[in-house]
Amino acid sequence: MPLEGQIVEIVLLSLKVSLSAVVLSALVGIPLGALLAVGRFRGQSVLIVLVNASMGLPPVVVGLGLYLLFSRSGPLGVLQLLYTPAAMIIAQTILVTPIIASFSQQVFSDLHHEYDEMLRAMKASRWQTMATLIHDARHSLITALLAGLGRALSEIGAVMIVGGNIAHATRVMTTAIALETSKGNLYLAVTLGLILLALSGVINVVMILLRSRLERLAHV
Amino acid sequence: MKTLLCCAILALPLPLLAAENTILLQSTTSTQNSGLYEFLLPKLEKDTGLNVHVVAVGTGQALKNAQNCDGDVVLVHAKPAEEAFVANGYGVQRFDVMYNDFVLIGPKDDPAKVRDAKDAASALRAIAKAGAAFASRGDDSGTYKKEIALWKAAGLIPAESGESWYRETGSGMGATLNIAAGMGAYALTDRATWISFGNKAGLDILFQGDPDLFNQYGVIAVNPKHCPSVNAQGAAIFIDWILSPTGQAAIAAYRLKGQQLFFPNANPDG
Amino acid sequence: MSDSNVFPLGHPRPRKPAPPLLTAESLRYQRGGRELLAGVSFELPEKGITALLGPNGAGKSLTLRILMGLIPPDSGQVGFHSGFSGRIGMVFQQPVLLRRSVRANLDHALRIARIPRRDRTGMIAELLVMANLTHCAENAARSLSGGEQQRLAMARALVADPELLLLDEPTSSLDPAATAAFEDLTLEVAAKGAKIVLVTHDLHQARRLADDIIFLHRGRVYEHRTASAFFNAPESAEAKAYCTGTLLT
């Protein structure tokens, strides 16, 4: 089957995996960022350092770790997640969450600086403070999401190992590019790479426009 | 923003639900890169209804994955390792499937005069003597194991002596060939990969035909006693088909750029 | 039947000679080697408006923040009479409003105060009327004029039905019209029974609003007297100098 017929399939799977990972990472990372910005608890600075350091997690190491976890002979093998898009989503979520958490912590910290005294005068609880920050800073978080999406779309080490680059099942843009490269089909590989870049560009443009529109609607 | 969230969550895939009979085949990158599976598997599915997912990695990794029960069948080309796999109880039985051969490729101007060698061993000795660049797989693959065996037969162990002309890439066959093309080096490759390889640059086949360069492929079902989760029935269907006259004929029928890449040689009694 | 016609301050307070609402005892606070409060003590009655006067660096805003509970004093304490509800509101010099509409800002404050949803709409409407902000309820809070923003900040402080309301130079950056509007609002709130402590630099404002004056200088209380007594004849030399604009800090 010529590759052209597969390109749509591959692009859609890349989007599905990476977008899902970004959504999940946001669900975890944004509240985590708010907690780190607002909270005062033991081990907080250690956690902040851990989150920041995790931004540099090598994808291939994450992939390897998850392989050992999800392998049939591993502790979570019974879940049958290996070589499925679900495992790929999990891997990318692990990679992207620190980025979103770290970035949003910075955003919330700045806003918290501004709102802190006012919220304390209102006797707001810690959770109420976090919710206030998340709500008011939500537009600034779009950049964090885009950074996370960029990382997810471009990584190959994790999805190659936990996905297996199986045709019609777990083959995404980056693993397809690696495959064509290993076949010596360099022009094709570069073309795929350009498609990936274009995709990323379009998503970025759309999100930035969306952000301005949303900001205007929300009285910022 | 909320609609995006909903769509993404709704699209969250569940683990692969095998509505039909599916097996996972652990095989090698060279076999996959040759395009054989894209030709063979649709025929197999049509005949048997079996859906085959192929994970293509180095031979060492394929066998390791299978040992970890992350596959139902293994198809690689490293007979000693395959026999050990079965002997250790990880596999049920090993069968010959097909063969092709390895060839020595290198820069067209052939500084080590490999074209003139009378056998594989002297070809390699010539390369060592000329100190010509040689790109080795350097991983645990079938090709690498064959390469080391050939060096040994020539009385050399360049991997240990750390010669500067001997470059271990630690990569798959395609990546290694890319590197060979990039630095004008010699390399050992299976013929199938070479024919389908798209970046030949200034390289060509310089030596072939020595019986030592024979490359045998074997297929093994993962042992259900070792891996209870294995799809033993699906594995049996796969192996039966690929060893059957239909499967063997299909292997022989596969052509790339007009050339036959693999030669079926299943033993009718095995 | 709800008490909404006397909202936002609940029942009018009963009239009887009452113990002081608040007693500050020997508040001390130092930072950076400098003693900012050197033993501040005073009592505040239950009703009326107390103005906290004094030159820059006297410790007025700091005292207010300690009363609010935002900053703990190094030593000394703030005591309230036994019936005190604990509800204190505060308006700062620069209003910090959320990046939302006026209505949403009030709704947020009500939610923080855990007012149930069914009561919120009605309370928001009353607060908007009281603060004269109904016409701009849907506008972005940050797009309001300075005066409107401070009235919003006041309305927000009233959400919790405070028994004690602390105002930290609320009109220092407002023009005369806005200042007048805010002062009207302040008097209305005081009339409904809240105790108000007002920090201000504006002596005319103090004359207009205050029932009694606490004069602070260099972290100490120099005087605490009724407004008329203070302005007619300040006792201390420092207060005299302050009122004539000749006090050096």
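What to note about this one:
Should a chain be cited, it is by its letter among A, B and C, assigned in written order, with residues numbered from 1 in that chain.
We take it that contacts are C-beta pairs under 8 Å (C-beta built on N, C-alpha and C of every residue); 3 or more make two chains touch, one makes a residue touch a chain.
As the structure is a computational prediction, the values presented were derived from the model and not from experiment.
Seen from the Cα centre of chain B, the chain whose own Cα centre is farthest off is C.
The two chains most heavily joined by C-beta contacts are A-B. Mean C-alpha position of chain A lies 47 Å from that of chain C. Our note on geometry: chain B versus chain C, Cα centroid distance of 81 Å, whole angstroms. The centroid of the Cα atoms in chain A and the matching centroid in chain B are 34 Å apart. On the chain A side of its complex with chain C, the touching residues are 114-115, 117-124, 128, 132, 136, 218-220.
Of all residues in chain A, those touching chain B in their complex are 1, 16, 19-20, 22-23, 71-74, 77, 79-86, 89, 138, 164-167, 169, 179, 181-186, 188, 210, 214.
Across the complex, chain C meets chain A through its residues 68, 70, 89-90, 92, 96, 98-101, 104, 108-109, 111-113, 139-143, 156-157, 160.
Those residues of chain B lying in contact with chain A across their complex are 1, 4-5, 8-9, 11-16, 24, 29, 32-33, 37-38, 53-56, 65, 67-70, 172-175, 177-178, 181, 196-200, 227, 229.
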